[in-house]
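Have a look at the structure below before the remarks.
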Amino acid sequence: MKEIALPLLDDDHPHDECGIVGIFAPNENVASMAFFGLFALQHRGQEAAGIAVANGFTIRLHKDVGMVSQVFNVTNMEPLQGHYAIGHTRYSTTGSSSLHNAQPFMVETMHGPIAVAHNGNLVNSPALRQELLQRGVGLSSTSDSEVITMMLAGARGSTWNERIRSVMKKWVGAYSLVILTRDGVYAVRDPWGFRPLSVGLLPGGGHAAASESCALQTLGCVAIREVKPGEIIALSKSALTVQQALPPNPRQAACVFEFVYFARPDSIWNGKNVHEVRQRLGRQLAIEKPAEADVVVPIPDSAIPAAIGFSEQSGISYNIGFVKNRYIGRTFIQPTESLRQQGVALKFNALPTIVRGRRVVVIDDSIVRGNTTGPLIRLLRDAGAAEIHMRITSPPILHPCFMGVDMGTYDELIAHRLSVEEIRKLIGADSIGYLSLAGMMEAVGSANGYCTACFTGKYPVPVHHRLRKFGFDLQENEVDE
Amino acid sequence: MKEIALPLLDDDHPHDECGIVGIFAPNENVASMAFFGLFALQHRGQEAAGIAVANGFTIRLHKDVGMVSQVFNVTNMEPLQGHYAIGHTRYSTTGSSSLHNAQPFMVETMHGPIAVAHNGNLVNSPALRQELLQRGVGLSSTSDSEVITMMLAGARGSTWNERIRSVMKKWVGAYSLVILTRDGVYAVRDPWGFRPLSVGLLPGGGHAAASESCALQTLGCVAIREVKPGEIIALSKSALTVQQALPPNPRQAACVFEFVYFARPDSIWNGKNVHEVRQRLGRQLAIEKPAEADVVVPIPDSAIPAAIGFSEQSGISYNIGFVKNRYIGRTFIQPTESLRQQGVALKFNALPTIVRGRRVVVIDDSIVRGNTTGPLIRLLRDAGAAEIHMRITSPPILHPCFMGVDMGTYDELIAHRLSVEEIRKLIGADSIGYLSLAGMMEAVGSANGYCTACFTGKYPVPVHHRLRKFGFDLQENEVDE
Amino acid sequence: MKEIALPLLDDDHPHDECGIVGIFAPNENVASMAFFGLFALQHRGQEAAGIAVANGFTIRLHKDVGMVSQVFNVTNMEPLQGHYAIGHTRYSTTGSSSLHNAQPFMVETMHGPIAVAHNGNLVNSPALRQELLQRGVGLSSTSDSEVITMMLAGARGSTWNERIRSVMKKWVGAYSLVILTRDGVYAVRDPWGFRPLSVGLLPGGGHAAASESCALQTLGCVAIREVKPGEIIALSKSALTVQQALPPNPRQAACVFEFVYFARPDSIWNGKNVHEVRQRLGRQLAIEKPAEADVVVPIPDSAIPAAIGFSEQSGISYNIGFVKNRYIGRTFIQPTESLRQQGVALKFNALPTIVRGRRVVVIDDSIVRGNTTGPLIRLLRDAGAAEIHMRITSPPILHPCFMGVDMGTYDELIAHRLSVEEIRKLIGADSIGYLSLAGMMEAVGSANGYCTACFTGKYPVPVHHRLRKFGFDLQENEVDE
Amino acid sequence: MKEIALPLLDDDHPHDECGIVGIFAPNENVASMAFFGLFALQHRGQEAAGIAVANGFTIRLHKDVGMVSQVFNVTNMEPLQGHYAIGHTRYSTTGSSSLHNAQPFMVETMHGPIAVAHNGNLVNSPALRQELLQRGVGLSSTSDSEVITMMLAGARGSTWNERIRSVMKKWVGAYSLVILTRDGVYAVRDPWGFRPLSVGLLPGGGHAAASESCALQTLGCVAIREVKPGEIIALSKSALTVQQALPPNPRQAACVFEFVYFARPDSIWNGKNVHEVRQRLGRQLAIEKPAEADVVVPIPDSAIPAAIGFSEQSGISYNIGFVKNRYIGRTFIQPTESLRQQGVALKFNALPTIVRGRRVVVIDDSIVRGNTTGPLIRLLRDAGAAEIHMRITSPPILHPCFMGVDMGTYDELIAHRLSVEEIRKLIGADSIGYLSLAGMMEAVGSANGYCTACFTGKYPVPVHHRLRKFGFDLQENEVDE
């Protein structure tokens, strides 16, 4: 294993689990396309990346710990020849950043080799895992994605569509998958539609699938559409072969947090442009939780569209209040005591010329653990802000996510422990306002069809008690390659 | 040498040469402070970094190719113990990213060891170089910073202040320096004041110097002031020891491009906040080159403050028109032909919901080679923009810089080759407007004291003919470590 | 995958597959012991190494491509805490040096985690592999060692002894194994006794197992004995727990080539010291194939003991005729044409002062592909040797090995293609003499109980037709981590 | 700097400083030849390596920490195009293995670029160093090789021959040099002839120089001869251009320790084959210090020829008594306490079948610090040896070397602290016998012309008091790249 340091200066944000891509391009070097597709999904995971390519006969895979541009070079891309590819970029939910858990997973099966890349989390994985172990299948990681892969290896049926469908029936929870066989690529989405997955037509022929439409745009795709819940789509040259493998679950559960924070603003999620929804979240927030103020500033970068929306709605002028160091990295270097007191100032500086003597509305998308908001507000105070009105474009996060997002545990969630007023005091704002659930859904444009469990605790699927207790961290043994 | 790939997806921007820091902290681990200081200056150079630390007796140095967070780890920082430090982060002007040219440079001299970090460029370095060679000094790089170091090694005088002063007299051009001796740190700025350098008081005692005030803020400094042209400042515990070594040159020549593009918006340059000046550049542009339009969008990130200013002045609403991939990296991976046609779309996507059917003002800070503006405009057209009005917050760049900035050669500068109307046609805008020189200086707040040679060709100092001819690229021999 | 270059300068020798160690030490850091044990077995494989350590609850594993001293460092050893360990050092039989095939293999099973390290080769692995795939087990490598691991994962029984025994029944071929559970280490040897495995009592308490007794000596072991064919030995503190799991096969098949070449001269193999046997092979050769000569020289290093024996028996004085570059390494650097003509001279020089004008007997242990013997003889001629009498301490190698040694294919074996006289001509010797099979077994001390299939083609077990056809190279898909 | 671990298991031997090569080959890729030449000199230094190549106009250099095969790969060799090359492989005398001290050194001078590789040590370097510093030359290492390089940079004269000669006059001590200019290679040897350097004609045209003739043989050279003391030889296509720059010093001082230990047995040193001299050292030892014994065994590898000689002279049979782990490496892994008690047994095993019940003569070339001989004797006792008679093929080492060999300081030299009888007791031998100085010179074949200062303290040149006091370790500042 390469040593992976802690993020140089981290945000207080939930972490998504993964970005995936799948490509069939009959006339092109698919590995390079998978590379640039993953690069466009880098925001969904920066800890490991992998690409598997099939040439009709065999599959070749390269994966390693690191960001996409670090993992791949000309030498290790060279053997990845073929017209079928999948790729994966990973955010590790546990502390372990081992190569061992990097995806895609690849195995030889009785039906030939397969490789699998997964975004999401099965809430019944502990039970499925036991089933596999009892069947005598040794598992080399604790990842539910390996469970998925091994179940596919043991699936019965005369085609991959049949085999995929037969195991989908047993999976409960979030799974957006791309599956590579020696001569095919399949895009699969769970019946609840938890996590995003889209497909599009490549300009040079063939199709691509990706977690977010922004990656398909990067690849020049047209005719982009989302894979529908319960669908298996086989990528092919001319037309997509679409199978409604399982009926869409009556309770659709698209992750609302993709709008709030995860997705890139240029992506379409559940039919809507993310930037536009965020701008509407800001407008709605200005309606619900107005403030008497002189300037609206976002916490960069995710809150920018909402701050613009808030400014438009409220008539309060928009400006930049914080400058953020763009150079995201990781380091083991410890700040000295005096630097530690600087806290977020190592990453952000406030702009006195903008905030001095002014009443400032600060827009952020969410407060998870609550450890950075206070210091940011202090920066504004030190820069001379007269009043600080914190506005959040989502309701308080009260519950963990078990569908593939690392929100933190109950103990870690500040809104689970403190009231809104207590949070206001803690962070030192003059006022605080969260967007209401109804307001958020209003801005999203629909009250139904979304998973809002992190706000409401109403999980769309029953969560296995071991997951409830330990979260994702079932890790016991560890391989360090 | 580590292999250094080309930037994953590059901008059309000039490149600054370096960021430097100097620290004396009697009670703290200075290496760690230098690390976080350099991290705040990472935008000034991403190709190599180094830190030298003195403990009263000896100097220890670590430098390598890579970004600050890649170059340093706990192991290589461990020996860097002491209370005096300097650091450097480098953008390579030539193709060579060799460790060999990484700074600080360190040599033993008859007066003990010194280490030197330099931002700028001496325009008489070819002549100084010949003098050194004739004196029998072997030079192991073609860097003018090694010339500076070797001249310091041979300088006469009874104190370092005297010795530094004696060689300053011979230096023509841009030099902001930090110099480390076994028990001292000196901050030096050329009499023209070309490139920035500031000092501040550290919260835990001692002082710090840095290319930009933003880095001093990151370190928690107070009482920040710029090193004045011609000054040598010795950092010490209580008071700074300031010597006006040379009189400030009557023709002050602060780089105006620091305002336009280089400096971080939270820095103070020549007494003014950079964000504020940029916002004024936008306002001035709206006055000089107005447009009938529906929305103002910046090319991220440097044009954001100007776009806000343009919006305020013109009353045209501000929004985000482009989403940029935040994950800056480098790669050797070549895009396929179809990806190559994507061009800037590999890095930027336009937001159709913002620009569709609208007349769009696009703000950028400069057009250097002109290879990215056209494709960005095409992205807007493809996203449905009705009209596109390009507005640039500086005049056309007509001349190379020889004072430490890689602007490109005459042949590379698009405005040197084409008229403004030809540029408009080439990039496919409906209109184009550059800010006038007078307008730019109006926004800056002063018509005098700045170097505007890249716009006017009026170099504040005579440039050696070899530099004129070859630019920085005097490289002949090459060490690859 | 790390790039692995071709051996800098290779020998014409068969390659053994692996060295394994297992350790239970109740009072010590077993990872460090496993490291030094593997280091003593480095001659059995230089392409990858791994150590797994159990602490009573979980297993932690580190493995990577490279030699033992390259793979392990203080950082990656640190997590390997516990009193139970196994280790593996690997020679890759195929071209692929991927981390993917590095051992130990580790999986979670229904009975807890296990890790497995294997030396040998199952001749029925293609069939066993199909059985696993049909059972729905996905296989992530083509290694028979993964087949062994997955069969253990699915084995039934109430104890590990029972479970190991139940699958041993199905395994045909060579397997010396060490198996790690969360609180135990098992040493297992196939009923034919193909490949070596010994156990000994550690000086500080506990026991160790290793492919060769030399490694146990390195660890300071006493009471060293070989694991008997068909035995499962559980390492424990006081006494070893020995189970005769399967009866020893009536046709014992200890690899005679361990004496000829593989084993370190200080090891005991099948009850006999390897150096002593080699010296006897030399004596026997002097009896069978005498030569009129002035000096006996070995091809270093493996033929040294035999050359001493030949000298003693024949009365011809012993000396060093070749100097070999000790610095074994790997490189991608290609020799130029003129260097290529140097051939073995890049690795060996002859000593003119020893051979000039003399009749020289040259002793080697074997000729496999026959590409280095000729050039070595030419070196002697160039150094002035009057006559050259080649003597080989084993019979001609006529058949591949399917029990875990890379002898090469039929096409590659020179003695399969050419007669002895043709070989003599090809290599340019004045005479050539191979030891007879009977003479070799005489020197070994027993005509029975050994596998001599590479000389005779009489394989002690039936070899699966796919192995016969393709050798080990069943590799289809490839992971490059 | 790469982390460099301590040798995995070290010998008690002095360490030579360097191996050097120089090549001019008008028709070939010289970089590859330099690589294989250095590879043949790897025994002279394993800590860093470098190759510089000139193409008539410029010089390109690659150097790094590590063994030759680790430092060079296809990528970093690719730019090294040209017909002139020098190379260096280094043993670091101080603890510092920094890249900073790696050679060749390269500088631009008033006469064009030069690169220099040096084996030896100037005993007046502290004074020369001061001269340079006073002249205003900054020095970036404490290596005397940089002093040599900088003096060459400042040398006056109209040709390189003149310039080299002019500074040679000031150098006192050991220097075998290869100097690369943009279109020439010079081989230079000090007038005392301390350290070896030979030249030969390349088979494809051109010439090569190397520290030892074995490397020239590896390159296929013919007409090999030693560079004579005081000569400057310019390598050229047809004939060598030889200049007797300085008269050979009347007191010739060829290092006798090259015979005893350093040189490869296949090299010619001062006109004599090293293997042959070593064999004679063994014969002489058998005459001077006979023993009643049953078997003669060498400490591998350097004592093998002498043990053969001792056996021949004494009639006592020769055999292998110790097996040594061939896999030399470096590691940070610490042995456990019980492993530490194993001591040399981690590297050597004794062969009981050879020594049990026998009286054993053990041959070694020297005892420096005396820390390994005792443990080796204990191994023999444990293996059952009846008597142990230690015989050393050189006299006791009583004095440090200041001419480029790391013998250790006075305090470290066991023979400086203890009498021969005390040493015998300490190591636990039944008898001990050192070869006499006269006997050694008898075996060498000449009483004159050699430096024997480590045995006699009679240094052929006056040693600067700072060197006397501190040895080589003048290191003050440190660069870690």
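Annotations
Order of writing sets the labels: A, B, C and D. Residues in every chain begin at 1.
Basically, a residue touches a chain if its C-beta (ideal position, glycine included) is under 8 Å from a C-beta of that chain, and two chains touch if they have at least 3 such contacts.
Remember, predicted model here, so these are calculated numbers, not experimental data.
Seen from the Cα centre of subunit C, the chain whose own Cα centre is farthest off is B.
Measuring from the averaged C-alpha position of subunit B to that of subunit D gives a distance of 48 Å. In terms of their C-alpha centroids, the spacing between subunit A and subunit B amounts to 35 Å.
Subunit D has residues 3 in contact with two or more other chains.
With chains as nodes and touching pairs as edges, the resulting graph is a single ring in which every chain has exactly two contacts. Every pair of chains meeting the contact definition is listed here: A-B, A-C, B-D, C-D. Subunit B meets subunit D in the complex at residues 1, 3, 57-64, 75-76, 79, 99, 102, 105-110, 113-114, 130, 133-140, 142, 149-150, 152-155, 476-481. Put simply, subunit A touches subunit B in their complex at residues 3, 5, 8, 28-29, 32-33, 35-36, 39-40, 42-43, 46, 67-70, 72-74, 77, 202-204, 214, 217-220, 264-266, 273, 275-276, 279, 301, 304-305, 308, 312, 317-320, 323, 325-339, 341-342, 345-346, 349-354.
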